[in-house]
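Each of the next two complexes has subunit A plus one more chain, namely subunit B in the first and subunit C in the second.
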Partner chain A sequence: MVGGQILFHGRDLLKLSREEMRRVRGRDIAMIFQDPLSALNPVLRIGYQVDEAMHAHDKVPRNQVAARSVHLLDTVRVPDASRRVRDYPHQFSGGMRQRAMIAMGLANRPELLIADEPTTALDVTVQAQILELLREMNRETGTSIILITHNLGVVAGLCSRVIVMYAGEIVEEGPIEQIFENPQHPYTWALLRSIPRIDFARHDRLRSIEGLPPDLIALPRGCKFHPRCPFRVERCLTDEPSLQTVKGGQRAACWVTMKRAYEEMGAADIIDTRPGAASGVHPPGFTLPPFGAADGGGPTGPSEVAAP
Partner chain B sequence: MSIATEVAQEFDAGVVAREQVSLWRDGWRRLRRNRLALAATIFLAFLALVCVVTFFWTPYPPSVFVGNPYAGPSLAHPFGLDEYGRDMLSRMMVGAQISMAVGLGCAVIAVVVGVSLGLLAGYLRGWVDSVISTAINIFYSFPTILMALILYIVIGPSIINIMVAISLTVWMDMARLVRGQTLSIREREYVEAARASGARTGRIMLGHVLPNSLGPIIVQATYIIPSAILTEAFLSFLGVGIPPPTPDWGNILGTDGLPAIRFAPHILLPTAILLSVTLLAFNFLGDGLRDAFDPRQKR
Partner chain C sequence: MTSSVLPVSEPAATDAPLLRVIDVVKHFSAGVGATVKAVDGVSFDIRPGETVGLVGESGCGKSTLGRLITRLLPVTSGQILFDGVDLTALRGEHLRQQRKQLQIIFQDPFASLDPRMTIGDIIGEPLVNFGLAGRHEKDRRVQELLRVVGLNPYFNNRYPHEFSGGQRQRIGIARALALRPKLIVCDEPVSALDVSIQAQIVNLLEDLQAEFHLTYLFIAHDLSVVRHISDRVLVMYLGKLVEIAPSDVLYQSQQHPYTRALLSAIPVPDPRVESQRRLIHLSGEIPSPLHPPSGCRFHPRCPIAEAPGICSQVEPPMEQKAPGRFAACHFSDRVVTEVG
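And then the complex of A and B:
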């Protein structure tokens, strides 16, 4: 943490003592982990692990904990829950483990559930079931969910508000429809463009974002995305943009924004998405070889001109 | 036996769901396959049975004159008599009881002390770890026998005291082992998950870290027992252990057996062999357990 605050019901979580923080964890704010196999203790029964959050807080009366565990597993559709609470994690399938994790998270009816890539370890069918489950829990218990994911399809299906992050910083945020229909940050635009589409007539090469994610130890100057951005302008190389409201609830941290990219740089039918290709702006000493020249085919990566 | 017939037999026996087998059952199954460890287990079970029987019955009272001194083995006295005409079989039985009591007692004390300190050091780290690690190193720097001797002389002779004295020389290995285990387990995601659910530090240590290091702890405890038995026998051999006339493997060897080794070897040899076989059995069992709980060996 560099600075700032984390407000939860007006309380700054960073200022809480260890014990106060412990009382928030698992009670008001719960978390679902990415890989349920490593986040479940292999030598403890599932029931014990679901009970844990309830034993740690006094929200659920002691004598109801065991019954509630069974009920929770039942709610997240673990079959034969009353018998399955006595199973060990290795006796559960991947999907059931993730359901058990969700049951653990929901044990104290938290107000906020942080789901860190809850479906990455699962196949698409089970993924759909888990997402449906999360949606249902959100509707029925009113638990808010922060979903951390790389999967824009999951975002589209589940979320109402999106925050896009790049190199540890927020680059764009807004209501889901606006972000998906009218992304304003080139990174969001490029992300959406790189989703493989089943309804495309021609099967082109998969589109990717040129270049590599930045080295977080030596971050680029100016906008963190400029070394990979086709629409960069002079200012991007030196000044860091801050979040600016673009349109009703949507904010983007970009000097150009896609509005200008569409109007001035022909972003609508761009083929060459190499850095600076659409704007023609490059850092000193950098030249972009002619498009498609290097390997006689698809787009190529940027190249540095070596000093003589 | 080929693997195929073995699988077929297990299939017939209804042992099909291999995945359903718990860690402990799995370990026991692999231990049984190790013949040396199985033999050791059977021998130790027999010895344990003898110790229980000794509580209620010995062929003769162990510390009373019952026949000619130095008499060799006979039907009435299968292991002969010692220099005071006491029955050797009865004395060996009582000695076994004491050795086993000291071995197990030391293992229990070493496990309790070593595991608690190891958990605290590994989980809390910081100054707690520094203090405990320093204590471990200081205790390591003393020669075992010398320390047991000094402690024993300082706190006086009794079976409880000898256990405490020996325990103080063997708990460090356990503490180091558990500390290392804890340091690695505390970084696991399920510990983080338990913290995220608001579990208290004590509960994480006892409920999550400890159960995950039980395998190595049991193996280490199995190695502590023979070393404690040997140390106790050695102290008694030197005449500073269990005071005569209470029989004990060490003082049978040192006080009764050694002076008479030329003309009455039946006093020393059977006890010496019994002691060696017991130590060997515990070590084989320890090796067997180590292999059985080794996660890299999936047989």
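And then the complex of A and C:
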């Protein structure tokens, strides 16, 4: 860590010694990972691994640990938990492994649970069960959750607040209703329009975000999103915007914001999402990326086009 | 099986089907006496120019089906008629010639490109294999294909590692297009890509379809993407199709309880919709294809099954329930009102 602070109950976690941090990790702050198969030890029984989380902190009395493991697995709906604590990870399905990992995370009743793409590797029906479990936990034990995900549907279903990151920085944050209905950063706006929705009767063409996520070794100057932004202005190429409050609780790091993009740049009608399309601002030497099949009239096969 | 019971979107469709899959079965041996019934009697048609989506959860057999259609795997039984020719009966040179018409795009854009070949050789290899282009002609066609998929035509001397996931998927698409196929099987083509890139590839596939009159079988587990791109959607469960429906009516009404449960589980990126959404719970896990349940395979998890009864005893046939709508369920008329 190069700089900054991470305050947990007012205490800077970055100033803790290794041993002090060990006592916080898994006890007050727990984490669950995307891939439960590689996060579980394949040669240890599930029950042992859940027990271990509690033995490491002695928050739960030793003689109650084994019973609590069964109870935890039961809570996360591992069927026949009292027998299956003796199973190894390979005997569990993907959804059950993820549930076992959540049981480990919950073992010491943490105040904060960091869930890193907890459902990305799972089927939608299993994902729905896991999300319901997290929602219940949050409601019943008051555990705070940081959910890290790329799935905006999952965010809409589980979270109350959302932070949108791009190229290592927060570009927008706020209450979910505001972010989903009135995003102010063009990246958030574009992301929401680039995904098809199952509940929409008819789909328009998806609004793709042109270009690629930036190379973190050679980040662009100014706003990191400007090389892909249809609404960029001159200033975006040189000056980096900071997070500014746009509306109660909602902050965005953008010189333009979607309010102005709608009022002055016709964001509502924009079809061409290529960089700089709405504002006409291109950096020196910039050429529009090839647009493939869109140009050239009529149906032509590759070999026909190749002919002179 | 006669053609009249095959699920086609409109019974009166004038176009002859481009692809006709008839009662296809694929069993894998799993040790002594054990058989995994990965695909167990699947029938459907695809008409020219159509995009048909194939959805289902992990292990339901959808990728296996894609590989059977492209003859990357041999079938155990059944027929695959492509343009009237039974691919399952073809061997050697006859099969090779038919394969020109039938290409596949794979899920993993990292594993599906040879890291030691240049982009030009990867895209041009099919042309060379079929003797369709000499060296000079190959370069010209490769550059044209790169332009068509939205890449710089002068990248043909570069290697796969120099490209991002989305760019590699474009390379995979260019390779599939090289022989000007009629049908492309897209096996999870956007699942491995960043969300912001998925839309680029979906749009590209739509553009290419319009330009080259392509027909797609689009296999994915993400029903939102499948429904967006497809004209019709096939829903698969444990080696069998359970429902076939036009994609624009699928979300409103379902003829099979599994389809309804699957749809109810999909999160919608809208907090207001999400606060209203009700999940339909399925009990238990997907059974092992080693020992599929008796009768309807879905009955142990089905909220409206009559079991013990007809659902655990009689396997429901795939039947037309309404114009263009097919389902394999004894109680399809009760799905919308009683499930969830």
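Here is the rule we use: the second predicted complex is superposed on the first by the 276 of 308 C-alpha atoms of A that agree within 3 Å, B and C clash if a C-alpha of one lies under 4 Å from a C-alpha of the other, contacts with A are read in each partner's own complex, and residues count from 1 in each chain.
The criterion applied here is as follows: a contact is a pair of C-beta atoms (placed from the backbone, for glycine too) under 8 Å apart; a residue touches a chain by one contact, two chains touch by 3 or more.
None of these values were measured; they are calculated from a predicted model.
In the superposition on chain A, no contact is made by A:Arg77 with either subunit B or subunit C. In the superposed model, more residues of subunit A are touched by C than by the other of subunit B and subunit C. Of the two partner chains placed by the overlay, only subunit C lies in contact with A:Val155; subunit B stays clear of it.
Contacts of A:Lys259 after superposition on the shared chain: neither subunit B nor subunit C is touched. When the two complexes are overlaid on their common chain A, residue A:Asp199 makes contact with subunit C while staying clear of subunit B. Residue contacts after overlaying the shared chain place A:Phe180 against subunit C, while subunit B stays out of touching range. Legend: residue contacts after superposition of the two complexes on their common chain; A:Leu40 is shown touching subunit B, with no touch to subunit C. When the two structures are aligned on the shared chain, A:Ser208 is found in touch with subunit C, with no touch to subunit B. In the superposed model, A:Leu131 makes contact with subunit C only, not with subunit B. Contacts of A:Ala30 after superposition on the shared chain: subunit B is touched, whereas subunit C is not.
On subunit A, the surface touched by subunit B in one complex and the surface touched by subunit C in the other have no residue in common. Those residues of subunit C whose C-beta lies close enough to touch subunit A in the complex are 57-58, 137, 140-141, 143-145, 147-153, 164, 166-167, 177-178, 180, 194-200, 202-204, 206-208, 210-213, 221, 223-225, 227-228, 248, 251-252, 261-274, 277, 279, 281-282, 284-285. By the touch criterion stated above, subunit A contacts subunit C in their complex at residues 79, 93-96, 123-125, 127-129, 131-132, 150-157, 176-177, 180, 190-192, 194-199, 201-203, 205-210, 212-213, 289-294, 299-303, 305-306. Residues 22-27, 30-31, 33, 35, 38-44, 48-49, 52-53, 55-57, 88, 90-91, 101, 104-105, 107 of subunit A are the ones touching subunit B in the complex.
Residue ranges of subunit B in contact with subunit A, taken from their complex: 19-20, 22-23, 188-190, 192-200, 203, 207-208, 211-212, 214.
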